[in-house]
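Just below sit the structures, each encoded as structure tokens.
After this come two complexes, each holding chain A, first together with chain B and then together with chain C.
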Partner chain A sequence: MGRMKFLCDAERCIECNGCVTACKNENEVPWGVNRRRVVTMNDGVPGERSLSVACMHCSDAPCMAVCPTNCFYKTEEGVVLHDKDMCIGCGYCFFACPFGAPQFPNGPAAFGDRGKMDKCTFCAGGPEETGSKEEFAKYGSNRLAEGKLPACAEMCSTKALLAGDSSTVSDIFRDRVLRRGKGLEAWGWMTAYGAEQKEGAQ
Partner chain B sequence: MKTVFRQRGAVLRLALVCWMMALFAAFSPAHAAGEAATEQVVRQQSQPLNNAPVWREVRSGQEHFTLARGPEAGVLIQSEGNTWRQWRNGPITQYGGWLLIIVPSLILLFWLVKGTMKLHDKPTGRKMRRFAPYERFIHWGTALTFLVLAATGLAMLFGKHVLAPIFGPGFLAWLLTIGKLVHNYVGPVFALFVVLMIISFLRDNVWQACDAIWIKRAGGLLGGDHVPSSRFNFGEKTWFWLGVTFLGLTVAVSGLVMDFPNYGWTRADMQLANIIHGVSGIVLLTLAFGHIYMGTVGVEGAYQSMKTGYVDETWAKEHHEFWYHDVKAGKSGHPQDSVTGARS
Partner chain C sequence: MNAPRLMSMLAAAALLAGLSACSESPQVTTYEQGKYQGKADSQPWDSPVFKGDKAAWEHAMKQRARGQHEYNRIP
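This part shows the complex of A and B:
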């Protein structure tokens, strides 16, 4: 079993928002929720960089650690998923997440009435029966079960957004960095996967 | 010649940087963003392959451009969340948990050893009015909302350590779904009651000379005798100022910040509010254990005073002697409907 990770190559992202659209279309995400978003730094300035960001499926996931109902769980592939039936919409995962991944259908509503949290599932569905209507309605597509990778990465026109097994993604990226001789920052990897790397070193 | 060119180049570059700075100072809403972008421009010219300014910005937590709508959607990495996690899952849960176990245990031990504080003399049967109906309404409003908030709040912090292992995660999720809803809507009602409580009880909670005696004799713990006091003794005044006023307002304000998420404030503000809310809520509950003990089994007749609003004259004389004399002299400042006629 591999370890699924996302990697966005800032040297390649052209801010087309194709990943955002692909995600919304694939998962029929609720109104007001963007599981994935593209952020541009220094927009319009030479050397501007864009990054596509969603749930990074952290090794030591902060959302999981702070959830009062323990609604999160991790699959064998390292994908962080949650059970919407157990979500109370307290927003603690949103407080804790470094990437701003948890989203709420009602937005920042009065009296904390956010609705049930929604986030990127790495196109791996949720706790409902795989491929069922319920699973799709609550969590969206389960492409991983069909042997496919997340729609955002597959749709990426410049292949800036990579998704898949950690070692494969790393190999592709390392090869790119060597060829072009720049842009070696694997954005967010230390934040998301740093804890695991430390454990592996021991 | 070469040096002249190089100097001219440097001057041009400096001019360009100044122009960019001026441009960004004029057009950028956040000045810091402009500075970072300028640094980026300079770096792109001096070291085209070095993108360090961009990556520094990633961790700065500032808002960048994004098409996505949502609170702080432009922030790539917010690092404060991890600090919040450490505080909440660490000291607040652990020390808070122990505090909430140890203090009630000590109170129970105290009661088992000392027992209920009984009246020395026989009750006269004549009643004095201690609390007006509106005061009792405000007290019980505050008390009931507080207990509801305490129970639901405790379930939210300690539920997964205490309730889930016993009743299962499904039960906890069901309980907290209701609990969070109740907590979020009852909270503002509690805040209202706290404000009303402060307004209505303020007058009798100011410092009086007799409070010094109470402090000297530690409220009667030293010497064993009852200490004469006004309508409220110094212990009650401490509860009023520290518990109701300071901690009550603190939990209310920090709670409202979280109850109305992102209403002009960020995640970092709500994380801070959550830590303040947790700490002050736990301390308030700890103090409340003491107050509830004194108001129920700790002192004979204390519960009746808040239930009915009336106390026996003996009780008044033994617990609040100066207040008793004030009432008898008609100087208490509160209307008495039972000074002359006894009410049973």
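This part shows the complex of A and C:
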């Protein structure tokens, strides 16, 4: 198994916010925190594009690099998780993250008052007993341990948001784009999707 | 040795001595690799559903991910 990744297809996202709602409901995310958000560029202008953004579970994660308490870890499947018991709410990860994924339940507050950092877990829970009440209360549900994908991607109405093993996800995306008659003209296409099907998304 | 020549040599030596204070010390920091300090987490296949069967878990995840490809679901 490679690395777990999200991919949002901007040609398909209709800004319905179904992923945001699914995530909120599945993980009972604290008030004021949105682990997933839909960002729209050129809102209201013809040709506007939307993207659903959460933690991207970076391969070389900046949040992990800056955390002074070293409370981040990366699972074997490439999911970036953290131990809330260790978090001191310093906010370094929030500044380091290019996607604004780490958020704080007490919002913008004085140092030490923000609460424990909360972010997308790829629906993989956290360092508590799998499926336990403590795990759910701190990190949300552990769908990965049930053989399911993150709720946001599974709930996406247009299947714009894909989740799963990176090679499977990029195979699906490559196939879609080629069916649209596009591909080569996109910047970076050959680097990201130019290779042959990695495993044949059957 | 005539006086002006001695003077210029002395001046050159003084200038060199002045420069010697401007040595360059390395200013690049060394980064330490952090190590996870928190509680250990269990693997997703060590769950009530998969009971430690990693291959079954990987198969299930793969099937689930491939199921997102609607072109493969419609005939």
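Definition applied: the second predicted complex is superposed on the first by the 179 of 202 C-alpha atoms of A that agree within 3 Å, B and C clash if a C-alpha of one lies under 4 Å from a C-alpha of the other, contacts with A are read in each partner's own complex, and residues count from 1 in each chain.
Simple rule for what comes next: contacts are C-beta pairs under 8 Å (C-beta built on N, C-alpha and C of every residue); 3 or more make two chains touch, one makes a residue touch a chain.
In this text, all values refer to a predicted model and were calculated from it rather than measured experimentally.
Peer 1: Looking at A:Asp85 after the superposition, I want to know if it touches chain B, chain C, both of them or none. Which is it: first, second, both, neither?
Peer 2: Both chain B and chain C are touched by A:Asp85.
Peer 1: Considering only touches as defined above, state whether A:Gln103 meets chain B (first), chain C (second), both or neither.
Peer 2: Only chain B; A:Gln103 stays clear of chain C.
Peer 1: Touch check for A:Thr69: first (chain B), second (chain C), both, or neither?
Peer 2: both
Peer 1: Per the contact definition in the header, classify A:Asp113: touching chain B only (first), chain C only (second), both, or neither.
Peer 2: In the superposed model, A:Asp113 contacts chain B only, not chain C.
Peer 1: Looking at A:Ala153, would you say it contacts chain B, chain C, both, or neither? Reply first, second, both or neither.
Peer 2: second
Peer 1: Touching A:Arg37, do we find chain B (first), chain C (second), both, or neither?
Peer 2: first
Peer 1: Overlap of the chain B and chain C footprints on chain A, residue-wise?
Peer 2: Comparing the two interfaces on chain A, one with chain B and one with chain C, the shared residues are 65, 67, 69-71, 85-86.
Peer 1: So in the complex, which bits of chain A are touching chain C?
Peer 2: Listed in rising order, the residues of chain A that touch chain C are 1, 64-65, 67, 69-73, 75-77, 81-83, 85-86, 124-131, 142, 144-149, 153, 159, 162-165, 168-169, 171-172, 175-176, 179, 201-202.
Peer 1: In the complex, go through chain A and note every residue touching chain B.
Peer 2: Checking each residue of chain A against chain B gives 10, 17, 20, 32, 34, 37-43, 45-47, 49, 51, 53, 62, 65-71, 85-92, 94-100, 103, 107-114, 181-183, 185, 187-188, 191.
Peer 1: In their complex, what parts of chain B are in touch with chain A?
Peer 2: Counting only chain B, the residues touching chain A are 33, 36-37, 40-41, 43-44, 49, 51, 53-55, 57-58, 64-79, 81-82, 84-85, 88-89, 156-157, 159-160, 164, 169-170, 172-173, 176-177, 179-180, 184-185, 188, 258-263, 267, 270-271, 274.
Peer 1: Flag every residue of chain C that touches chain A in the complex, lowest number first.
Peer 2: It is residues 34-50, 57-58, 60-62, 64-66, 68-72 of chain C that touch chain A.
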